[in-house]
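What follows are several structures.
Heads up, the next two complexes both have subunit A, just with different partners, subunit B and then subunit C.
So, the complex of A and B:
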């Protein structure tokens, strides 16, 4: 069933694109059908999975490599699946109105549904490698969605940044997965989690493995110091921002950590890393959000902050923390999603998202204001909203920690309360400033294009679900909260949630935070002014961009060093390196005495004459003044070499060499008859001397190499095998048999080289028959453009 | 002593080959490549010359009794046979390249080679500054530019 649902979404992607949904005004409702089907099915599973049932499916792909697509639906997967599919349905409806008959709607749906498939695959996968593949699927669709507006360079930059950061993290994570698989002996997540936790924590490779996996999770979930890509991702269309960069994809890192929590939570490395990174991210995101004026930027930094909260909660290994995590994820998805959608509608209606230009929108868009109120109050965590429930549980975690006698618990409690206060502040800013205040500080934007009720409906639905949940706790808490919390904890969780616990210390802390938030809201103008002074240079974006620029610069200069030098210099360096290597190996032992050369074998007189002849001819080739004499002396070398083959019993070589020598000679003479000698600048003396030195070094390299090669064989040669089995190949000429039988693949390679050379040569000769193309960068001067006609291209006679 | 003769032969062939390859003139580079082929072939062949013997050919297959000590080592010969053919392919291809370049030169300044030059966006002066000994392709371009300027001024 799980695979069918994934396939349904995957197939919907191209189908919706091909259907051209921009033709219908209400196309969004059609697009919402597939995710609604998934949501409905998942809702039917809430009961059984809440009772502890687990659905498993396995599709073996490559048995030999142990690769299989394992899908598994437990409490946590179901929980995330509901968020992905449920919010996905709302986004699909919303996008239909948001794009409003723009032709890009089909493309958007295609990407959206591909993302949905990847994301659901990610949370349902029970195999680390399958999870990685789906993980990358979400990164790629996210990249395409951020760069959706191709004409906007900022969008492209943001997309590139997001892809590089999450891609590098994913690469590290893959390394961590491999280590994890090696340590645990399996890539199946449920099998790994079934092992006793100290299998991992006491392993020598635990720390590198954990750090690599954390890198993947932190980059994906925009944790400090990798948080900067998320605000840059806000160039995506608003429905994508709401869905990917707030409700679902950025929680993939949190999901991964929650999934692996039972195995790693006992390690102190896990605890401190998550606590510190999450805590820093929480405070930093909340503070930076204060200085933003773009609605989406405020929401983006608030999202960063909330992700920090979730990561911080994962550090703890307690029932309350697991519960706070689950509540936090769902509450966040149900208020931040609608708030993003509201920002999109405001942008759509007024043409701006700058909060300084917005005021009094409640009159023109009362439904939207109601949605903003519901979602915003939940974000602020005021009683009796879902956000309140989540925040209470969060504070309770730190309160328990403090009660256990650790002073750090108090620090955590204060930090969380502070972040909570800041959340209250901008929730109020987001509700008050655009919707209810009388006048905007800057040129006020008017509502030119009020949204239809159907456009606002997804907002109200999501916010409404969020509002209703606290009042339906008795019905949903087992399946929706207890089951995922048990999966995070790795042990059964029993809970009795309630909105009202009485005047507990936690509630008082919460009240204090709300009071502080009100104060910040009251004093927001001086606070924002102070924050606007803060230096911009230290942002992660600046550092990242510098890093990338330097990387490109490094690549460029390396290329210039390696490839930019003249050919002779490059060849010289390569040859010297080779020679140096050999000299080292030769002089590392006693060369002359250890050399096993048979000095007794004497050459005949004619052989010596031939060698001298070849040497002289080679020297003449260098000194030759005319091209013809150089060609002839090269032919002399070839002839001498051919005769050497004859003298040393290699008839085949002699024949071939003779044939090739003649062919080369003919070819050279034929071509150079047509090409006049070329005048090139003479090489300066200094460089000429350098060349001579290189030649001498390589010559001595050849000398030593020849002597080494002439040693008595150090190990058995394969030649004897060839010779002894020559009759098995039905041949008498051993060399031929080696070429066409024993080493036939080498010969095939040789033939391929010849074919490529022949094709290339043919293409080059053919090309010169064609008239050369005009350089488009040259101004078309009539006097010049006539010239090729009067002087036909030289290739005509080629 | 045979080994010494071959070592000297290889050394001279390699030295001359490398000296030619390092030249600017493409023709001489080509000749150098030809000499280098001979050098490497002699290097490989030198491994089998100490033991003289019959050419590795069975004249009478029926009478072959597995006595292979009469033959010289066939393996270097098989390797060299492949090498000779491939080197000819390379030489022929380079000759075709030179011919193509010549026709482009003849066709004059109005043509482009339609080759993606990774340094196309770099100013030429910067490239020249890297090393005074720039490769011959650069010289051609410079020469072409000079010709164009003289034509434009006249």
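So, the complex of A and C:
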């Protein structure tokens, strides 16, 4: 079933694109069907999974390599699956109205559904490598969505930055996965989690493994100091920002940490890293959000802050912390998603997202204001919202820590309360300033284009679900909260959730935070003014860009060094290096006795003729006075080699050699034809001698290699296996059977490389033509030379 | 002048080369040949056309199809690899026997399909490079 649902979403992507959804006004409802189907099925599983049932599916796709697609649905996977599919359905409806018949709608849906497939695969995968593949799938779709508006250079820059940061993190994570797999002896996540935790924590490689995996999770979930890519990702269309960069994708890192929590949570490295990184991210995001004026930027930094909270909670190994994590994830998805969507509708209606130009929108868009109120109050964490429930549980975690006698618990409590107060402040800003205040401080934007009720409906639905959950605790808490929390903790969790616990110290702290938040809201103008003065050093974007510039500079100077030499020198160095590495191993053998070469055997007549022909042709090539005769005599060398293949009964090899000879010969002629005819200058004696020396070394090495290969198999030969089984493989031509059957995986890799090389080469050849014409009197920079084949002997004796 | 003889030769040789390529492709599994060689033969045929009729002619004729052909070839190769997934293996040779009344038994297998994919990639790859490299250089280069 799980694979069917993934396939349904994957197939929906191209289908929706081909259907040209921009033709219909209400296309969004059609697009919402596949994720709704997924959501509905997942809801039916809430009961059984809440009771502890686990659904497993395994699809072996390569038995020989032990590779299988393992899918597993437990409480945590179901929880994330519901968020991804449920919010995905709302986003699909919303996007239909947001793009409003723009032709890019189909492309957007294709990317959205590919993302949805990857994200669901990520949370359902039970294999580290499968998880990695889906992880990269979300990175790539995110990249394409951020750069959705190709004409906007800022969007392209933000997309590149996001891809590089998350891509590097993912590579580190892959290394961590391999270490994890080596330590645990399996790549199956559930099998790894079933091992006793000290298998990992007491292993010598635990620290490197953990750090590598954390790098992946932190980059994906925008933790300090990698947080800067997330605000840059806000160039994506708003439905994508709401979905990927707030509700789902950025939580992938949190998901991974939650998934691995039972195995690692006992280590102190885990505890301190997550606590400090999460805590710093929480405070920093909350503070930077205060200085933003773009609605989406405020929400982006608030998201960074909330992600910090979630990572910080994962540091703890307690029932309350696991519960606070689960509540925090769902509450955040259900208030931040709608708030992003609201920002998109405001942008759509007024043409701006600058909060300084917005005021009094509630009159024109009362439904939207209601949605903003529901979502905003939840973000502020006021009783009786879902956000309140999440915040109470969060504060409780620190109270427990404090009660255990650690003074650091108090620090954590104060920090969380402070972040909570800032959340209150900008929730109120987001509700009050655009919707209810009388006049905007800057030129006020008018509502030109009020949204239809159907456009606002997804916002109300999401915010409504968030509002309803605290009142339905008795029905949903077992499946929706207890089951994922148990998976995070690795032990069954019992629940005692309620909105009202009486006048507990936690509630009083919460009230204090709200009061402080109101104060910050009241004083927001002086506070913002003070913040606007602060230098923009915290963003991290500048540091990253400097690093990238240095990297490009380094690549450029390396290229100039390596490719600056004339071609003949490059070829010489390459050949000498190849010969040099293997020279000793080849000539440490005594060819006269060790190898048992029968030196007395006489060569056949044909062999002598062909060898003499090849040598003569080679001599002519070297001595040729014109390029054309050099090319043709070089072709003759190739022809002689081809005939030798024929006599040694290797027709396939001979055919290939022949065709390649013909193609290269004609190509060389074509290329030289373009260059004005020129007498080949005689090469100076000194250089000529050097070339001779290189040739002799390389030739004797090649000769030795050939003898060695023929006389003493270094490994048990596999050719016997091939020739024995060639008939079983329905083929008579062993070369072809090896290429397309026995070693087809190699061939598949080769043709994939060919396609990539073709695209790259095409782009290079194209780019050099598009470059402005160089001044012919200036010698062109070798590093930028137009095409290698056009100046093969450039430099010294061209 | 030379082009005129080449054009004549091209008329005769190009069809022969294409037929030869198809023969190599079909018999490749049992006799010398195969997708790689057949692809090179097709590229040679187009090289002949480039020499006889100029690169612009060939580019107009097939230029836009080259990159899609590579993609299609790769997809065909991957498709042939997926065919054996029901048996729990990737890229395992799978064969079907189709008995043709009066003409014996035709054996078609996933390696045949794979070879066709290789053929498409190789022919389009080499031809696209031939076309790009035979494009006249800008006027003022050396």
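Everything that follows uses one rule, which is that the second predicted complex is superposed on the first by the 562 of 798 C-alpha atoms of A that agree within 3 Å, B and C clash if a C-alpha of one lies under 4 Å from a C-alpha of the other, contacts with A are read in each partner's own complex, and residues count from 1 in each chain.
In the analysis below, a contact is a pair of C-beta atoms (placed from the backbone, for glycine too) under 8 Å apart; a residue touches a chain by one contact, two chains touch by 3 or more.
In this text, all values refer to a predicted model and were calculated from it rather than measured experimentally.
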Partner chain(s) touched by A:554 [first = subunit B, second = subunit C, both, neither]: neither
First, second, both or neither for A:758, with subunit B first and subunit C second: both
Subunit B versus subunit C as contact partner of A:660, first or second or both or neither: both
Touching partner for A:575 - first (subunit B), second (subunit C), both, neither: first
Which superposed partner A:741 touches (first subunit B, second subunit C, both, neither): second
Touching partner for A:687 - first (subunit B), second (subunit C), both, neither: first
Partner chain(s) touched by A:500 [first = subunit B, second = subunit C, both, neither]: neither
First, second, both or neither for A:671, with subunit B first and subunit C second: both
Of subunit C and subunit B, partner touching more subunit A residues: B
Which superposed partner A:62 touches (first subunit B, second subunit C, both, neither): second
Subunit A residues contacted in one complex by subunit B, in the other by subunit C: 651-652, 656, 660, 663, 667, 671, 674-675, 732-733, 735, 739, 747, 754, 757-758, 761-762, 765, 773, 787
Of subunit B, residues touching subunit A in the complex: 1-28, 30-31, 34-35, 38-39, 41-59, 61, 64, 66, 68, 71-75, 77-78, 80-82, 84-93, 95-100, 102-108, 110-112, 114, 118-119, 127, 130-136, 139
Sites on subunit C touched by subunit A in the complex: 24, 28-37, 40-41, 43-44, 47, 51, 67, 70-71, 73-74, 77-78, 81, 85, 88-91, 93, 95, 107, 109, 111-112, 114-115, 117-118, 121-122, 124-126, 128-130, 132-138, 140-142
Residues on subunit A engaged by subunit C in the complex (per definition of touch): 60-65, 67, 651-652, 655-656, 659-660, 662-663, 666-667, 670-671, 674-676, 729-733, 735-737, 739-741, 744-745, 747-748, 751-752, 754-755, 757-759, 761-762, 765-766, 769, 773, 776, 786-787, 789-790
Contact footprint of subunit B on subunit A as seen in their complex: 559-560, 563-569, 571-572, 575, 597-599, 601-603, 607-608, 611, 614-615, 618-619, 621-622, 627, 630-631, 634, 637-638, 641, 644-645, 648-653, 656-657, 660, 663-664, 667-668, 671-672, 674-675, 677-678, 680-681, 683-684, 687, 691-692, 694-696, 698-707, 709-710, 717-720, 722-724, 726-727, 732-735, 738-739, 743, 746-747, 750, 753-754, 757-758, 760-762, 764-765, 767-768, 771-775, 778, 784-785, 787-788, 791, 793-795, 798
